[in-house]
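There are two complexes below, and they share chain A, which is joined by chain B in the first and by chain C in the second.
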Partner chain A sequence: MNYKRVCCLWLIFIYLFTFIFLSGCWNYREIEDLSIVTGAAVDKEDDQFRLTVEIVNIEGGSNAKVASSIITSYGATMFEASRNAINILGKRLYWSHTTLIVLSEQIAKEGLVPVLDWLARDPEIRQTLNIVVSKEKTAHEIFHLPHPVFNVISFDLDNIFQNQGSVSKTPDGEEWKVLKNLATPGLDLVLPVALLFMSEGQLIPTFSGTAVFKKDRLKGYLSPDETRIFMFIKDEIKTGLLTNNVIQEDVPVKVTLEIIDNKTKMKPVIKGENIVMRISTITNVSIAEIEGRALDTGEEGSMELAGQFEDMLQEDIKNLVMHVQKEFGCDIFGFGNAIRMEYPDVWKEIESDWDRLFQSIEVVTESQVHIENTALSSKPIIVRD
Partner chain B sequence: MNKEVSSDRQIISMMTLYLLGNTLFGIGHMAKQDVWVSVLISISLIAPVYALYARIITLYPGYYLFEIMDEVFTPIISRLLTFFFSFYYFLTAAAITRTFSEFIHIDALPETPDIVSLVMMGLVIIYAIKNGMEVLGRWAQLFNYILLGVVFAVSILSLTNANLENLRPLLYNDIKPVLQVAIQGFFFSFGELVVFLSAVSFSKDRNKPYRVYFYSLLIGGGFVVLVVLRNLLVLGPQLVEQTHFTSYNVVGLIRIGKFLQRIESSVAMVFILAGFIKTAVCMFAALKGFQHIFRLEHYRPVAAPFGLLLIITCRLIFKDMMQIVDFLNYYNAFYSFPFQLLLPVAVWIAAEIKHKKKIQVTSATSSEG
Partner chain C sequence: MFKGKEPMSNEQEKVTGTEDFQSSTVADPYDLMKPLSTSIDENINRMKDTLKGDNTVIYRWMGNKHMDSFRACLVFIYGMVDNEDINDNLVTPIMQADLSELPQDTFLERVMNTIINNMDVKRCLYMDTVLQSLFQGETLLFIDGQEQALIIRSKALLLRQITEPEFEKVMEGPREGFNEYLAVNLSLVRRKLKSPDLKFKFKVLGRHSRTNVCLCYMETLVNDKVLGELENRLDKIDVDAMTGSNVIAENIKDAPLSVFATIGSTERPDVVVSKVMEGRIVLIIDGTSKALWLPFIFLENFHTAEDYYTEFYFSSINRLLRIISAAITVTAPAVYLAALTYHQEMIPTTLLVSIYSARQGVPFPAVLEVLLLMFSFDLVREASARIPSAMGQSLSIVGTLILGQAAVEAKFFSSLVVIIAALTGITGLMVPKLKGVYIIIRTLLILVTSILGLYGFAFGIIVLFIHLFSIRSLGVPYMMGIGSIKPEDIKDTVVRAPWWYMNTRPKMFMGKESRRQSMDSRKGKSRL
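Showing the complex of A and B:
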């Protein structure tokens, strides 16, 4: 039948067509032909970018092992440096799996934009990678030492970010958030800090603290403890610990609380000519550790305990804000942004003068700490005389 | 002229996908964080226009727009307008194809020559229009569920990155840019549904034009608002401004555990499929017009040549990506105004007058008899 013949011919045609034309990508690449970049460090050496990349070596076979190696290339721009790596590796760098970009202090001081633009523009690069600033002399040091525990340094450093929730001592450095921070009025940028840490006689890379930026230029650093308070103000605390010396009968006793959850509200209040930032925190905690005896953790005792922590938090928040105002003058807390949200009209007037105004802005704090439970122990450890 | 009847549900599916396909582009940056307000305004502005489209069809059930124009205008004017309409549809189809080929070229296959992806798309489109609206309608009905499902799912997953503060402060930059963007949205996206007047024949007993248009507006418009809101909530107005294909960027940020990440290709799929239906509908309407001008028996013989012409035209009409963005932002409203608003209003007025006369004549003859 004619109909059947037409159908047959069509099927043959479609089969041949797909067989010939659609058998794979246009620019088909085997996984062995790619150098998969997991992390990179960017330094500047006499006007040239020095790009140090960590690439994974994939070995096939039954006991496949993932290991990494480090190579360096140079270029006038980021992209050129990346392409120049072909001359060393013979393969093109493949950036889709990059999780970490370490910038040297010098680049951070001179401005991030030359590095960031390519990271934002190139479709191969994922915007979820983390950008950190190296506190060491150079950025590539972070990758250069054999790591005692990990095979691929970047992936495992990325895990530090993923699990930061239970420490809360390093801010978020995801690229898209960095770009968003840069573009938001009344909010200055912070980035995580990477450094080398001595452990078991060997230097290993880690994250610790915060780099503070004005526009896209590095101004200074916050310590890990200050970072935690900073995260309190920004309402980015998920869980974490609070440690304080509680005065018990004139003897200081170290108490650690574990944060269950925290909610911070930042609200600008206009009083006449002045703008006052009201920062109120509500923290639910449980008692995690008491390094002393005879501390009453009953209903009344824990209220008093909570009170001491409240005072400490309020004091810390005030001190940090003052420190940042005096030392850096960068609005990393987003006070300006909060004013823009709450009082758009006021913000329009003060926006041009905000840099100066920020330094004199007053902060009122109000902290509540609720001790929800005392974990498994109902009392501190009892030692009979 | 041969008629192909589609069910209400099929037409609604096509219209919804048509509206969804336009959200690939983030335009309307002038309105910053209030784009979603603009979209709501455009939806309320377009509602009466849809009522007008539906009214035209109700007056002449089972007719394509070109046939209606034959009825209500003189033959020469009608043919001239049909030519203009056809040309408009054809250029719209070319613009859409070009946009999507740029998208593929930039995001997915940077080393594949444009012409390869264009020929692939062109062949599918030729095949689709040769099969007619009915097949396309059935296809749309099936894929409507899948694509809307995907968009909805990725929007929910994006909520982990969302921040309500991105929408504040409301109307910070005055109402003017918001209205401007509302007008833009009116013409680029919602008003383009005029093409269905020429591509689909609404039969008297099987279709309810008002219902079709308003359901499409409800579902399609709802999804446009959803997508715009999602993009704003995640990226914030400042970053939305910095991106070409905002949805693609937003979904690329989803990272839930180690397992659920890198799902932005789902968005690419949605857009390419929605782009396909947009192009196919526009091409179909253009061919119907061509057939009508030259009083051809059938449009099928010219489908393939027109498809090839589409591939060539879409390379010619825009010089580069920046021109497309510029065109959509500044010129599209002026270019679309006559076809989406002016001419349909003229047709409607003429049709109403004709219709009244017809009623008078019939009532007069019946009273005489």
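Showing the complex of A and C:
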């Protein structure tokens, strides 16, 4: 046996040995030994985390039905609570398919970081998971009631998020965005709000409105309608509805427009000592509904209609900004960030005093609404005597 | 005269019969090399001595009506000759003709040229040549006083019909296939290629079987180096019996331990013609209907004769389907296993939940489940290949009912793994030539995946490709045509280009003449 060949064999042996025994991810696990967590709620009880998880459960024999079970475990930290669930289930919690985590109001008020760190650090948890604040007394009650339609509540709630584009009344709460927002100067965090909603005599979990944060602590809430305006300002609106009472011959007529697309520009303008935020929106819409007769939807009529909506939008934006400035004093719109981008030197000067400055900042709005079409009807319904 | 000889030969057999155990069945080669003698008795005794124990050899002694001193003996093998032909054209003329008038000095020649009524008569001086002719079904004529024997063609052609090959069926295109008789096979090729360039070169292989192997090639197209190399390799083969084409294939393969076949095989004369026209060499072997061709590249595994007879879009789609199915059949169980046991986050949630529910209560770990099901699928496959067709039905009942349904209902296997096995099985049958390769690679991939997940899977695939890219077929890279983006290199690989585009032969096999047709071959139809 020559020298080369021996060397070659040794190399192959070392190679195989290292790649089999020293490789990083040795995690063979059978799927049935896991419990798949679809959603979780976190509460705090006497300095302990109360982790309530919804896990997939299979009911029935040959015609197996997918259902969910709710399990509660306690722990001093999130991870400990997660591992303590083994004592109840006999299986490890598997977090890779978790779609949302509901935090109690108390945790949100005390600060998100103790919860967020584990979510960001654990390799199983997806960065696209939604973080939600519960407006109810506790977070776990979101999961506790049987849902009339869905077996797995988290999947239903996730669907609400997936289709939020055509409602635009709940902001995004994806973990990676939350972490990014927290780290951005001149921008405060918002999270979606979960609550129970009475429908057909039954309480159903749903999302509604926005939770406003200062740093990582909860300050207050915005209503669903305010949320929509908020998303207008943030240029996050995709589609959605605009409803307004249009005065037609002294009679108010309810008109609904469907947003096709929207573009919002936020531009800080420095006027002497003052900083003015100019918010301009350009919205393309189509007429979705007119609850009245004889409204002109021709060229002139449309212009007038659009003008009334433009006024409404400008008013709403101004009101919301004022409301947030007075009520919370949190820069959830990212005005500070806009200044930082546009005038970095100015930002350096005002950064330390920004919390105070924000409350007095002036907003100038400019809105354009273009009615692109009137859907299937070119005229309102004609009713003759 | 006959009676006097018969007991003597019997006695001789008895005497020599006792030595049968000691002496080897092969006659002494030096003895066979000796020339024949002028004495017919001595020659016949030598033959009987050599062929003792073989009772199919018939010795027919003959005299002549007009010449008393004439003694002759016909030797042939019963069943290999055409009896009527011998009766009418050999026995009758020799017995009836007036041989006494023939001059003594050119007696044999005159018998050969004027008496024997046969198209192919040869003279022969040596015992071994005589024996070879005898074994090929020819008739020998020994005449007393002549030191040469006559070899007379009298083969009875007991052939299998020329039928369509079972494994290479086409919907359009010729339906003839080779049978086991070399001469017929060569004639099928020659009929399709009427060019003086087409050469048939014979070699005799096999110590005992003495099998004729024919190298077919186009003299102006073949690469002489490749041809020389092939002949060298063939000459080195030393087997005692050439029982089939695979004996040659395994003996001359470039990578003898590789699971991949680096030599093509076909039963279709039209395929042979097309390969020969690309400058390759085809081996047609007596006694088997499978012809071999070299060099052979990997992608040819996915080609069928049909591809060239159907419209080029359709045949390209079919080729792609075959390649995709090969990828699926090799990787599907391993990827399933990797996702299920290592990368659960990779599976869409709804699918994960349904797998999760199917896996509840299954006793085996996922690896064992996959391996067992693959194993049982191969059991059914091999059993159905071996089983007489009359019993096939019971097999399919057992296979489908017990393995498919009952096993899932009894929670022996989860239903998803049965789906994976079915997918693997169906895609694996698409290219029957590769089924052995599939089993081996698939199993290896399952094993590495079970140890290391997708990482192991990727590792396995890399090793597979390194192997594929390192082997050669008669000096030509096995993966030729893969990795090139030049249209002329891929015109007949993963896809099939239209005939009017295939103007040049593949470069790698090319010997001398690369142009296949005029560059303007479309002229015929495009200029109306």
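Note that the second predicted complex is superposed on the first by the 351 of 385 C-alpha atoms of A that agree within 3 Å, B and C clash if a C-alpha of one lies under 4 Å from a C-alpha of the other, contacts with A are read in each partner's own complex, and residues count from 1 in each chain.
The rule is simple: a residue touches a chain if its C-beta (ideal position, glycine included) is under 8 Å from a C-beta of that chain, and two chains touch if they have at least 3 such contacts.
The model shown is predicted, which means the values in this text are computed figures rather than measured ones.
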{"item": "Which superposed partner A:179 touches (first chain B, second chain C, both, neither)", "value": "first"}
{"item": "Contacts of A:368 with chain B and chain C, given as first, second, both or neither", "value": "neither"}
{"item": "Which of chain B and chain C A:30 touches, first, second, both or neither", "value": "second"}
{"item": "Dominant contact partner of chain A by residue count, chain C or chain B", "value": "C"}
{"item": "Partner chain(s) touched by A:94 [first = chain B, second = chain C, both, neither]", "value": "second"}
{"item": "Chain B versus chain C as contact partner of A:126, first or second or both or neither", "value": "both"}
{"item": "Which superposed partner A:106 touches (first chain B, second chain C, both, neither)", "value": "neither"}
{"item": "Partner chain in contact with A:58 - chain B first, chain C second, else both or neither", "value": "second"}
{"item": "Overlap of chain C and chain B interfaces on chain A (superposed complexes)", "value": "25, 27, 126"}
{"item": "Complex interface listing, chain B residues touching chain A", "value": "106-107, 109-113, 116, 165, 168-169, 172, 235-236, 238-239, 241-242, 249, 252-253, 255, 261-262"}
{"item": "Chain C residues touching chain A - in the complex, by the definition given at the top", "value": "340-342, 344-345, 349, 352-360, 362, 365-366, 409, 450-453, 455, 459"}
{"item": "Parts of chain A lying in touch with chain C, wherever the complex brings them together", "value": "19-20, 23, 25, 27-32, 34, 36, 38, 56, 58, 62, 64, 66, 94, 96-97, 99, 124, 126, 155"}
{"item": "Partner chain B, residues of chain A touching it in the complex", "value": "25-27, 120, 123, 126-128, 176, 179-180, 183-184, 340-342, 344"}
